[in-house]
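Here subunit A shows up in two complexes: once beside subunit B, once beside subunit C.
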Partner chain A sequence: MHVRALVASLAVLMLTATAALGAAPVQLTFTVWSYSTDVILDNIKKFEARYPGIKVSLQDFAWEKYTDVMTARFVGKTPTDLAYSSDHWLQQWAAANWIVPLEDYFPQVKAYKPDFAPYAIEGMTYRGKLYGLPYYADTIIFIYNEEMLKRAGFTKPPATWDEVTRMALAMKEKKIVEYPIMFQFQDITPWYIEVFLSMVYSYKNYQMFDASLNPIFDREGTAAHKVAQWLVDGMRKHKIINPASLETTEIPLVKAMGAGQVAFAVLPKYNLADLNTPGAHAQAGKFKMALMPGETHGTVGFVRFYAMTKMAADRGKAVQDAAWKFLEYFGGKTDGKFVVVKRWALEKGLGFAQLPLYQDPEIRAAINKWGNVSLEEEQAKVARAKEALTPFWGTWSLEFQKEMNKALLGQKSALDALKAAAAKWKEMKK
Partner chain B sequence: MRRARLLGRGLGSLLGLLVAAYILAPFLWVAASSIQPEKELFRVPPRWIPRVLTADNYRFVFTGQFPAGYEETGIARGRISEKARDALPALRNSTMVAVSVAVTNLVLGTMAAYTFSRLRFRGAGSLYTFVLASRLLPPMAVAIPYYLIVNRLGLLDRYAALVLIHSVFTLPFSVWFLTLYFRRVPPDMEEAALVDGCTRLQALLRVVAPMTAPALAATAAFSFMFSYNDFPFALFVTSTIRSQTIPVIVANTAINPDVSFGVVAVTVVLTMLPPVAFAMIFRNYITRGLIAVTTTR
Partner chain C sequence: MRLVALPRRRYREARYAYATVLPVVLLVALFTIYPLLFALITSLREVVLYRPWSQPFVGLKNYLDVVRSEFFASAWAHTLTFVVGAVPLATVLGFAIAHLLNGRSRLAAWLNVTILLPWAIPTVISGIIWAWIFNSSYGAFNGALYSLGLIDSYVPWLSRPRSALLCVLFAHVWKEVPLTSILYLAALQAIPDELYDAARVDGAGTLGILRRVTVPLLLPTTLIIVVYETMVGIVTFDLLYVMTGGGPAGATSLISYYLYNSMFVAYNFGQGAALAVLLAAALVVFILVYMRLLRSEEIYAT
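Let's turn to the complex of A and B:
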């Protein structure tokens, strides 16, 4: 009897094994914007080696067209299982049901929350539910050219916006640089609003909206008004902000700074690693970060994350299980470690939302070669996610930027520009 | 008199040189940028004649070896856009697609144009107007419908998707252009061929086509260049290097936060090579064909 049972069990086991071995692998389609696709492909290769039953097909698109392409894919139901997403688009994508809350399918994802920076959790949360695991997260920081500052007679970076003005005027006077400050204020770049908000969040009363999402930033004396007026004065009165800022985007600004044409800039932190690359910039090695000048040194923290699509969720349990393995491998832990996130930090200098990584000696040593890990950690602690992220936020931000540029061009006052932007918000909110 | 003529000729040459310099300057600037280290490109004031030359940018695109100074940051990998390394397969994709579009235009465009120019049939006028009118549609107006059609056909990320879309946009011009040219060709010789037992297709291939070679070359050049330069459709319907074309790769490289403009310049130089080669080979035909059609009434 025992022998029969044993033979039967072995037969069942063999059949199961044969079926498992013979089963077609689960195919996942993963869309990304084109950044270091060779690293992504290598990560995919390692993931597939770990999970032989899963195959991942990578598709990449230009960053600036990514949302357009993804919208076409979602509307056209082009097979897409996993995708890079961003706090900018979360509301729109989630409201349209293009991506799904991870918590509904993988309750275990909640265990990761204590590891993540609060601004990153906020940036991945819609209607109280977590929609992703972080690919990378970073802060907008204040970068300065230390040598220029020293030549102007200063030993410490500015701690307030008034000090920024004072130091910039000194540099201008000593003819160290004609326009010490430059921004990426071309009105179509998504970084414009992030930079503006970073400056706003450096004040105590930074709120742009009330609890009902009504704009309050257009009132006299608000943080937004102070920042807008500071920018207008810097460009039109003191002439310390380069007028070319209105036509500048991220890359030209970084190149100009690297060439020694800019002393102060507000940029996403990862640019500091690029600026200190000797092969790329004449001034490499001279760039440092400072806490965002202002009353609280607050700034914007942003997150880019891995999301699972509704299409993947609808494909059934096997695909969902494979998707979770993928999400956890790329944005979570493998054998108790954030392997992929750490790789991005070490190899490309990308920031991270996974706070335990700040304790990793390898990470600390790597960041200190081009930046300042303690300062970075300090800045991350006072970073906050963007307020009032609504499905129309992206469209509104473009309107805001156009209005703000009218003030910088002297066509209207800073307050009038804010009032016009607030009117646009109210119109869109209806 | 002779002096005035010489002066006039000299002024003409000078003007020609100025126009040539105006046209060629951006290309020369890009070519010069491709052989300089990144730091040199942003020197203030800029150097019009490069002093430091390097093959590093080309070496990176062809072999993946990082240019000097890119691995000294402390980051395990230099911050430089690796997307540029897809330039070579993208060039192959672009050329394959553009040649296919040119061939499609030659085959279908020639037959359609010959039909419109020689045969009388019901609705010919309306059909001809419809073909021409379809040319007036702004491409982006049909981008999403085309995407959905291509998706439904299962052709996303395939050469065929681009060949289909580009042919739809180029064929109306090709048909119009060739129809005008065919109308200039006297029908006597074809008629003689038909009397001698040729079919219409044989008459077209053996008699008309050789006589209209310049127009066919111009048609091929026009459709090749349209396809080769297309960015928006290539961006939407391609998603991997299996079918991504060179404009997509150049754009992806150029807007990358890790961009090296020297490396971008290499991709631009490589991009220019196939169309320049095409133009050099067929330039006489193209010029003759365009002149003939533009002087036709």
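Let's turn to the complex of A and C:
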């Protein structure tokens, strides 16, 4: 009798333990670059309330250092399940097997493709497979301070780069601002190359590479050469580009613009929402977007997305299931709606890859408060994904930036800087 | 030949000694020898993170590639410029401040603590502070110069190659001087008062005492400081990373930054390891020179 009682007690204990273990939440580690962490935390809170069996631990790092931190985490196998990623790191991260194709684990992800802008799909695809669901997707745009432009005697924004020069010179002459144009051209900022390319893509013959991915941008008269020369002239000859651009990153540039120290800037579009937020900047409300000056007004369309790491995939089915719930909640639909993506668009003015959201009256009204939804759509139509996104693209872009800065400092000609950058590309391509 | 057995007690003592030293030896092997060997092996292979499936043995190719690179020469040139500026400044300023602190002032204790503050601030934080101070739009340095009428408009200090390196150098010296001051202060306080009294009796003035008593007796400390500051200067990284990102146009990329660039930007761990080995070898050579110079007999013989 005693033995039976003992066995029964043990069985009850084991069942209880199993039930308790089964109820233990799945822990996911999610890494992001620091941007509106309060909103991310609130989204996580709502996600956890919806899925009580999943707990998410958030870790954030500065945007400028994000790729370094993530490399160290991946190499050092620091537990990381879900991460913000970007089109310009995708090839590197995927080739190194740090992140996994979502299609291999969650075939249902393909159903989202018709909703996404083509440049965003391209930016999340490696070797034909989709690696992410969009956190946001946006274009690089031309922003100007309307009041400063009017004070200089202009009623319309510039339509070509020559007009930008003419207007900036007028502002300088009338002492409206010493340096009307500013860029974020610190050697290591990942935005540098995107801004440069957005200017290149505003020309008809925008291609930087041929079909075999050989550089052609280092030839005289190419769009890249025109842009590089325009930048060098702007900084060294006309002195309309602030020389401090070489130490500037995104946030200081937005602050300088908001303070009225900059009339023209090329920035990711969401900054326009911030610049026009009442009370956020001294000049809030005076900023407008124009189509990218140039021959075609083309620009760069980019995508930042949620990716699942190999570490998460290796943790087994329960973690994969939890990761999919997370991915779908944050980058896909919940109850048939793009809940989180819409929130970013409404509250922070972030762009989106999910095209059906352009028909949402709430979103259209929200964008029109700080921008111009029709112009935004027009700009998005001529946006293109970055070319030649190879595994060494991110590495090369930093070499390109360093060479370009040598030209801006007058150490090299614009063409020589492009030739040096092309030589680096060929070396890396071997 | 007849083997002589160790007495039992001596054998036990030897066994005890080995047993107590063994954990330390294992720890050193784990945290020093293993990483060193791993780095050496990595430096002889082609290890590129985005090609993890292929890591062939390439012999000395990584070393040759690194040394032939255009960046190698410029990074060493920047590093030597930085070290040549930083070491004398940190040493002389440390010496001067230690002299001031060595006075029998009632404020001495408070000053001793205060002087250490820059050293206690994490380097990344001090980098951020100095980047703000030298900022071209709102920096306090520009503000001060402008208020004094020394400049007409704000100067982009961190956007010009030479001034950017000088700014980083200044921030580095600011951070290092407290340590050199404290080291000198400790050495100064160890000099017996009798030596000074004797020198005065012999008719030596302040400069004479400094030249014939203080400086010779502080020579070992000076050597330690010079060697330490040289090594710190060569491997400086965090200030550059925060203040300039190695720019503009690579003007503040020291050798340590080149190493970081190879590993965490180019993801080329093979070349990064080769650079690390070369850097370590350069430091070892330097340490050997220092060990030779530090022989006290030779110092005092001068």
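Just so we're on the same page, the second predicted complex is superposed on the first by the 406 of 430 C-alpha atoms of A that agree within 3 Å, B and C clash if a C-alpha of one lies under 4 Å from a C-alpha of the other, contacts with A are read in each partner's own complex, and residues count from 1 in each chain.
Everything that follows uses one rule, which is that a residue touches a chain if its C-beta (ideal position, glycine included) is under 8 Å from a C-beta of that chain, and two chains touch if they have at least 3 such contacts.
Bear in mind that the values here come from a model prediction, so they are computed numbers and not experimental data.
**Q** If you stack the two complexes on chain A, which partner ends up touching A:Asn271: first (subunit B), second (subunit C), both, or neither?
**A** first
**Q** Check the residue A:Pro356 against both partner chains and state whether it touches subunit B (first), subunit C (second), both, or neither.
**A** In the superposition, A:Pro356 touches no partner, neither subunit B nor subunit C.
**Q** Tell me which touches more residues of subunit A here: subunit C or subunit B.
**A** Between subunit B and subunit C, B touches the greater number of residues in subunit A.
**Q** For A:Thr37, decide between first (touching subunit B), second (touching subunit C), both and neither.
**A** first
**Q** May I ask you to decide whether A:Gly53 touches subunit B, subunit C, both, or neither, giving the answer as first, second, both or neither?
**A** Touch partners of A:Gly53: none, neither subunit B nor subunit C.
**Q** Scan A:Gln411 for contacts with subunit B and subunit C and give back first, second, both or neither.
**A** Only subunit C; A:Gln411 stays clear of subunit B.
**Q** Determine, under the contact definition given at the top, whether A:Gly279 touches first (subunit B), second (subunit C), both, or neither.
**A** So A:Gly279 only meets subunit B here.
**Q** Check whether A:Pro118 is in contact with subunit B, with subunit C, with both or with neither, and answer first, second, both or neither.
**A** A:Pro118 contacts neither subunit B nor subunit C.
**Q** Taking the superposition on A as described, I'd like to know which of subunit B and subunit C A:Trp63 touches: first, second, both or neither.
**A** A:Trp63: touches subunit B, not subunit C.
**Q** Please report the subunit A residues shared by its interface with subunit B and its interface with subunit C.
**A** In subunit A, residues 64, 68, 72, 75, 255-256, 259, 261 are touched by subunit B and also by subunit C.
**Q** Can you check the complex and tell me which residues of subunit B touch subunit A?
**A** 37-39, 42-44, 66-80, 82-83, 85, 144, 147-148, 151, 156-157, 235-236, 239-240, 248, 251-252, 255-261
**Q** Subunit C touches which residues of subunit A in the complex?
**A** 64, 68, 71-72, 75, 91-92, 95-97, 178, 186-189, 242-247, 252, 255-256, 259, 261, 391-392, 394-395, 398, 402-403, 405-406, 408-409, 411
**Q** Along subunit C, where are the residues that touch subunit A in the complex?
**A** These residues of subunit C touch subunit A: 49-52, 135-137, 153, 156, 158-161, 164, 244-250, 261, 264-267.
**Q** Residue numbers of subunit A touching subunit B in their complex, please.
**A** That would be residues 31, 34-39, 57-65, 68-69, 72, 75-78, 250-251, 254-256, 258-261, 270-271, 273-274, 276-282, 284, 346-349, 366, 368-370 of subunit A.
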